[in-house]
Structures are given as structure tokens and as C-alpha cells.
Amino acid sequence: MGYASTIKVPFGPQHPALKEPEHFLFEVDGDTVVNVTLRIGYVHRGLEKGFELETYNHGLYLAERVCGICNIAHTVSYTQVVEELMGVQIPPRARYIRTIVAELERLQSHSLWVGIVAHEAGFDTLFMYVWRDREAIMNLFEELTGGRVLHAINTLGGVRRDITPEWETKLRKGMDSFEERTKDYLRIVNSERTFLKRTSGVGLLSPQDAVKLCAVGPTLRASGVKEDVRADDPYIAYDEIPFNVVTSESGDALARTVVRVEEMMESIGMIRYALDHMPSGTIKVRPPKIAPPGEVLSRAEAPRGELIHFGRSNGSAKPERYKIRSPTLANIPALCKTLIGVHVADIPIILAGIDPCFSCMDRMAIVDRRTGEKREIEK
Amino acid sequence: MISMSEVIEKLQNHLKSDFGEGRFARDRRIFVRVGAGSIKEAFRYAVQEMGFDHLGTITGADLGADLEVVYHLVERGRNVLSLSTRVPKEKAVVPDVSDIVPSAAIYEREVRELLGINFEGLQGASLLLLPDGWPDGTYPLRKDQSFGMLKEIKLKKG
Amino acid sequence: MIVYDLFFLLVFPGILFLLCLAFFTEWVDRKFFARIQNRYGPLYTGPSGILQPLADFVKLLSKEDIVPRAADRALFTLVPIFYVTLPLTALFIMPIMGETGLIAFEGDLIFLLFVFGLMTIIIFLAGWSSMSRFSIIGGVRSALQMLSFEIPLGIVLIGPAIAAKSLSISGIVQWQSANAAWGLWLQPIGFVVLLTCLLAELELIPFDIPEADTEIVAGWRTEFSGRKLAMFRLGRDLEVVLCAALAASLFLGGAQPLWLIPPAVVFLVKTIAVVLLFSFIRSLFARFRIDQVIAGMWKYVLPIAIVQIVLIELGVGV
Amino acid sequence: MSLVKEALQQLRKKPATKKYPKEKASPAKGFRGIPVWDMDKCLLCVLCQNACPPAAIKLVGKGREAEISFSMDRCMFCAECAEACPKGAITMSEKFELAGTDRGEMVFIFKKKPIAQEQK
């Protein structure tokens, strides 16, 4: 590097661009990032150990609190694992309600994310508008599940509350107004020149790198790889609900925004389809207390990407080993790859690109990109 | 999209003696146990030849007498192959696979930190998940560590 | 007559009035910006929150004032004072009471340009003296930004001076009231360029790179707290008043009596109108990157400013 | 410049935010606030105590004088107790402003009313 050695710019653990405590140490040469070192674990709560000490029923509430924004994805995966371990078949109506609530949560999570990216780029007005419209969904959640953020609606053997007709009409009305708001965002995101200047061509991730680094979710689809757990490995009611997987070619921060907004449009369509074809019947089946020995791996498409829950039972009322791998964790190498060689000013937007949810990720682990030269990734 | 029986059969004739037992619990889920010696070869074969190019995660488990490592590999989003191998607790060493799939380093670091399985060839010694100054030798996810014991752990200063 | 001069200097168009105007403009800006974003803005301090800026100021005065160990102590304490006094002095040449400011001399437009340049240097020194990574990056960015907008600003300010054949702001205001013509209609391009450059000078949204809160915490203001931060916020409000008054005087006719309305009220209305314009523009855009700003200013804003001057020379806007 | 039309429209609309301390948003019907015990229906069985994941409910004492001591700082409002109660004695109230500075005050005691003399 000669005389002008790199200066180390710390990002976090407390930093306005990071909503949760994470520590990125950027080596900056002039205005471009040369290397990034990551230190996480600030919100690690030892959940996996916790699962082994809790019964299956109480473990549900541990799984729900892994992450605030995508807790439906966690409870859906958890209930799938335990129900498969116990050999319980949930009624079709419960499967449909779970799908509707999962898609509603995807809407809420993606609109939260669009607001944050707008705020990172300094576009505060869009941030305020998007979060104002998100309130409609939070209120819908409050009416159905009784909780704005932590909706304890999934339980072992089905769902706890049924969809009442008047809630259904409220949902349909909410979806109509939300749809044309989303169309509006799509127009703004694609046409606002200052936002375009800050996001298009920033943080490029090629399809080969995305696949090689095992990226997941919208980050992967924004680079043009057509992979979505809901379509490839359908769970709950996704095999009966038609939808198309949204991808984009350019693989930059703008593509990640557009892919997420279009996914919101897809989710609205799916919710309407699920409401029209809602089977009737019971919503809950009484689960047994213990699960015979076995091991199950369940994959779900959380708003941030592919979420893996792996459970192993030993015949008692407590799981023998329970593993959660959250989507943010899988996106970290792809994030580190895109962060190399960008402007310091672009770091928040690229960081927000993978929609990091560190409380999900920290619950387990990860990596200190070995310092030294850039060679590791291409190893 | 190769069928599940084909996957097991291919692995079987590739690994011959070291092939433990393979079963599929339900569609798109294949569990295969492999001898400790040929886990890296099985992993390389699955990733490069059979198209399981997406590494979901690596799970470590404490089975009392020995420790188990399970590699979850996903094939173009559909079939999930869980390659597992067992290693005695005293000599818990498993070859590092981050040269085949770079993001494996992520999960290996966690398993090493929480369970104490040593992945030879994995550089970088700094603790990631556990707080700095965590007394080495205590692995939180081991069955012999209870929550009570973990609470009393004092972090080494400096 | 000293009493009158003291009164003019200290109270009416002087310091007290300007401070109140500064707080008032901050309140107007925050309320309008909030209304655009569908929220209320300050509500509970005084009638519909009008005393909020004053409350913030007093609260900051009472807060602890930390000076980083590595900071250059002398410079660190001097910079906030300069940041407040500079816009205050520049505001004395603005015609508020009548068509001539408190101090009006031929060439005070150039003095104003000098004050703008000095302001940016003060900001750079603020960032540099606090010796923290974020403020150094912020300070460097503000210096870079100054290099990009200073020249178009200079060129576009000369426009009305050429039309009015006088280098003093009071002279320009008198010329406008004499010919009953606003600079806006004569040189519309000049007004647009002036707004862009003033936004860059004030570091408002499209150009608030030196203190981009999501990237470098608070840019050059990161290390300041307590009284110093209060001074910086007051200095910022005064700077907004200065820029709004400049735009109002040069292009909207400044403090001219309109039938029975005294010139000071007309001046107030026009300045608030310009502040609202700033606030509206501020809500429409995302933040540029520093290299985009420099490239944009040199490639687009500068040629447009030169076109404006050429047009005046050809006698279009006189 | 794509936001100009929208921004101007917003100026006419009433702000979406509420003036919180003065105007309060009332929670929806099925909202899970703090659980409340109706001691007339309560059988003093310990089903709710076992069902509570964070073990926030404790039955103290024996017989009629037994009381339910519910510590709100452990509760996570999951309504498992309301579901587990055979007599439906537990209902989730609508109160959500529960912040407090002293954990001592966060323990609620629910006792049965002493039997009136003439009933004996």
C-alpha cells in the first residue's frame, strides 16, 4: 500500500446505519473499502441450548422470539419440524391460515425494509410514507392475532385463532389499498433520479458469486438466480397457491429493492387467492406431548431468504438437538464480497441490501473474514 | 432433478466401504451417514458431481460418547442431502471443507466454538460468537454443560 | 442618536430580531417538513410547538460539554463561536428595515461571498480539530463540496449585480424597487442555480453529505456536545436565515414597501417563502454521494450559471 | 422529482400520526394485554401455572386462602394460560401501558373473596 496505508473505519456495534449491534471494521483506502472484518455475537442468547431445556410447547415461544420481524417464518418452521417429529397432520384450513399470515408478514417485513433503504439513502420522505402504510398491516395483525409484532398464532397442531368473515373483508380492503400504494413505491423507486443514482450499479453481485457463496432469498434472486423455497420445496399451502418467482438481472442495490417490492405485489395476489380458496373445517388438532426419536429438517422462505430448522428428538418431551440457521447468516459472505471496493458512502445501502436481521443471525454464529488480502473468497 | 433413490445409489457405489446407511424420511429429504475418513470425499462428490451446490448449514451434535457433524446440502432448491459422520469425543477432528464451498467456514467456526470439534485447515482463531475472553475448553452446547454452569463462567480479562 | 443606532444594532434589525427569526425559521421548516411527511412536527412546547427550537437550544446549553482528549482544544472551542458570528455579521448587510441594510457599502456582495467561503473553512476546521475519524471524513467532505458549489454561486450572484450595475445588495434591492421588476422574472435560471448552491452551502438533503447521519454518524459535528452543539445549531439556523434573505433580496425584490405594508414585513414574508421552498426541496430527494455532487456541479450547474451571465450580457434580463 | 405531486397531496391530508399523550389509540378487540384472573370462576387448579412458558404464575398457599401471584415482569402475553384454564377464568385485558420503574410493584396477587358470614 506504500505510504498511504488504509485507515480503519469502525461501523458499529452502535451505529445509525445498523439497527442492531454488529461490528464491521472497514479498511478504507481513500474513499474505497479494501477489506471488511466482521465481529458478531452481540445479541447471541444461546437459544439452541435453550431449546434443549424446554418442552416442545414452550419451545414454540422461544422460536417465535428469535426475530421480531420474521417470527411467523420461525414459528411455521418450528411447528413443521415438531409436527413431523410427532407425526401430526394439521387440518387444511390451518395450512391456509398459516400461509396467509406468512405472506402478510412478508409484506410487513419488506415494507419495513424499503423504508430503511430509503432512509439509508437519505430519502426520508419515502421512509415516512412506507412506514405509514405499513401500519395498516400491523393493525390487521393486531385484530387477527392479538399482537402487532409477536403474533402467537401458530401453535403445535394448527393455528389458535380462526379468520372471521369481518376480518376477511378488512383484509381484502387493506390489500386493495396496499396494492396501489405498492405500485406507487415501485414507480417512485424506479423513477426518483437521486435514489437511482445512489442504488443502481452499487454493490454488484454476479450470479456465479451468488451461487458460489450460497446467498439466499431476494439477494440471490436479485442477481438473476431463480430459486425460492416456496416454489422449489413447497411447504404449508404453497403447492396449491400459484405465484411466480420474482428475479431481476442487474444484481445491484436497486435490483434488490425492486425484487422486494415486486415480491410484495406477488404476496398480495397470493393472499387474495388463498382467501378465495379457503377450505372450511377445524383449525387445530391436539398434539401429543412426546415425540418418537427421529430427525427432521424443514426449510421455509423467510422474508430475508431460506430459513433452515433442524430438529432431532429422543422420545422425551424435550428436543435432543435443535438447530436454526437464519437467512442473514447465509448472506454474510455475499455481503462481504459486495462490500469490497465500494465507496464509504455506499456501505449502509449495501449493508441494508441483504436486509440483515442480526438477532436472527446471532442466535448462532459466524465468521471473521480472514484478514489479509482479498484472495480468500476466490480460494 | 435426480430421484432420491438414485442419490443414495450413486453415493453408495462411489464410497463403497465407507458408506454407512442412507434413508429418506419424506420426499426431498435424504439422510446419509458416512464414515469419518471419507466425509470430505463424499462432500466433494456431492457438491461437484451431483449438483448439491448450495450448503444450507453444518450442524454439530453431542451424542454422549462421540460428536456428530451433519452437512446439509441443497440441490437447486429441491432435494436436501444431509451428510453426517461421527467422530469420537477425544479425537474430534474433521477435515475442513471451506476450500470446496467458501461459506462453509461460517458454520465450521460455530461448530468448533460451541461443540469443540476441530476442523483442520480452518484458519482464523478469533472467537466469533462467544464473548472475548471465553475460557477455552468449555463448549456450551455439550450435554455436560448445564445452564447453571454456564452462568458462573467468568470471562478472562485482556 | 447613539440610542437609535444601538437599538437598530442590538434589537430590531439587529441581533435579537435575527435570533428570533432564526428560531422561527427552524420551527417553520420543521413543521412544514413534518406536514409533507404526514406527521405533526413539534407540538407541545408553546402554541403548536413554536418554542421547540428555543427549548432545544436551552436544553443543549445545560448539557455536559465534552472535549475529546485528542482534540485541538483552542480551535475546538473557537470554532462554534465563529460559526455563529459569521452569519450574524453577514446578516447586517441585508436590507431588512428599508431598502438599505444597516451597513451598506459598494461591494458588500463580494464580502458576502467571502463570508460563505469562510463558513466552509470553519466547518472544515470543526471537523479537523475534533480528531475523530467520522468528523475528519465529514470535514474533508465539506471542503470538497465547497470546491464544487462556490464558483457557480459566485457567478450567479454577480447576475443581479450586473443588471443593477451595483455590487451592493441594497443597491440591487433599490434597483428592483425602482424598475418594479423582480430578479426572478429577469433571471429565472439564476434563481434555480442559486437555490442549488445555497442548498449545498446549507448542507440540506440532496447535499447533506458532510453530516450524512447514516454513514458517518454526524459528520463534522460528531464530537461536539453541550454549549458547542447549541452554538452550531444556532449558527445553522442563522445560516438558513442568511441564505433565505439573500435569495429573497436578490431575486424576490427584498424589503420593498408594498402600498401600506412596511418593508420589514414584506421582507419577512419573502424570507419565510424561501425557507418553505428550501424545506419542500429538502423533502423530495435522496442524498447524493460526494463524487456525484462534485461531478454534477462542475458538469451541469457551472455551465448553466455561465449561460445565465451570457444571457444578461446579451441584454436579455436587463 | 417524482414525489412532487404526492408531497403536495399530503399537505392537504390530516397527519397519520396521533398526538399520543392526548389522543390514545385503543387496542383492537382480540388484543393480548395483561392477563386478569376472575377468582369466582377460578378452581385453584395449577393448570395455568404449568402452561405458562416463562413460569410467571405461582399458586401460593393451600385451600380457599390460596392466592395466585402473577409477576408481570416475567409474563410475555402469549395467552397460554387463558387457553389452558378449564373454567375460562383468565381473560387477556386490553391494558398495554404497563411500563414501571419498580419490579416489586409488578407482582399482582389475586385472592378469592372471603365467604360472607351468613353463607356459613
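Chains: A, B, C and D, in written order; residue numbering restarts at 1 for each.
In the analysis below, contacts are C-beta pairs under 8 Å (C-beta built on N, C-alpha and C of every residue); 3 or more make two chains touch, one makes a residue touch a chain.
Just so it is clear, the structure is predicted and the values come from calculations on it, not from any experiment.
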Chains touching both chain A and chain D: C
Interface with more contacting C-beta pairs, comparing C-D to A-B: A-B
Separation of mean Cα positions, chain D and chain C [Å, integer]: 53
Chain centre separation (chain A, chain B; CA means) in Å: 24
Euclidean distance of C-alpha centroids - chain B vs chain C, Å: 62
CA centroid of chain A to CA centroid of chain C, Å: 44
Interface hub residues of chain D, defined as touching at least two other chains: 1, 3, 7, 10, 16
For chain C, residues contacting two or more additional chains: 36-39, 283-284
Category of the chain touch graph - line, ring, star, complete, other: other
Residue ranges of chain A touching chain B (in the complex, touch as defined): 39-41, 44, 46, 48-49, 53, 84, 211-214, 227-229, 231-233, 294-297, 299, 306, 308, 310, 312, 320-321, 323, 325, 329-330, 332-333, 362, 364-368, 370, 376-377, 379
Complex contact set, residues of chain C against chain A: 36-39, 133, 137, 205-206, 208-209, 212-217, 283-292
Chain D to chain A touching residues, read off their complex: 1-3, 6-7, 10, 16, 27-32, 53-54, 76-80, 83, 92
Complex interface listing, chain A residues touching chain D: 54, 57-58, 61, 65, 125-126, 129, 132, 135, 139, 142-147, 150, 152, 160-161, 184, 187-188, 191-193
Interfacial residue positions of chain D with respect to chain C in the complex: 1, 3-4, 7, 10-11, 13, 15-17, 19
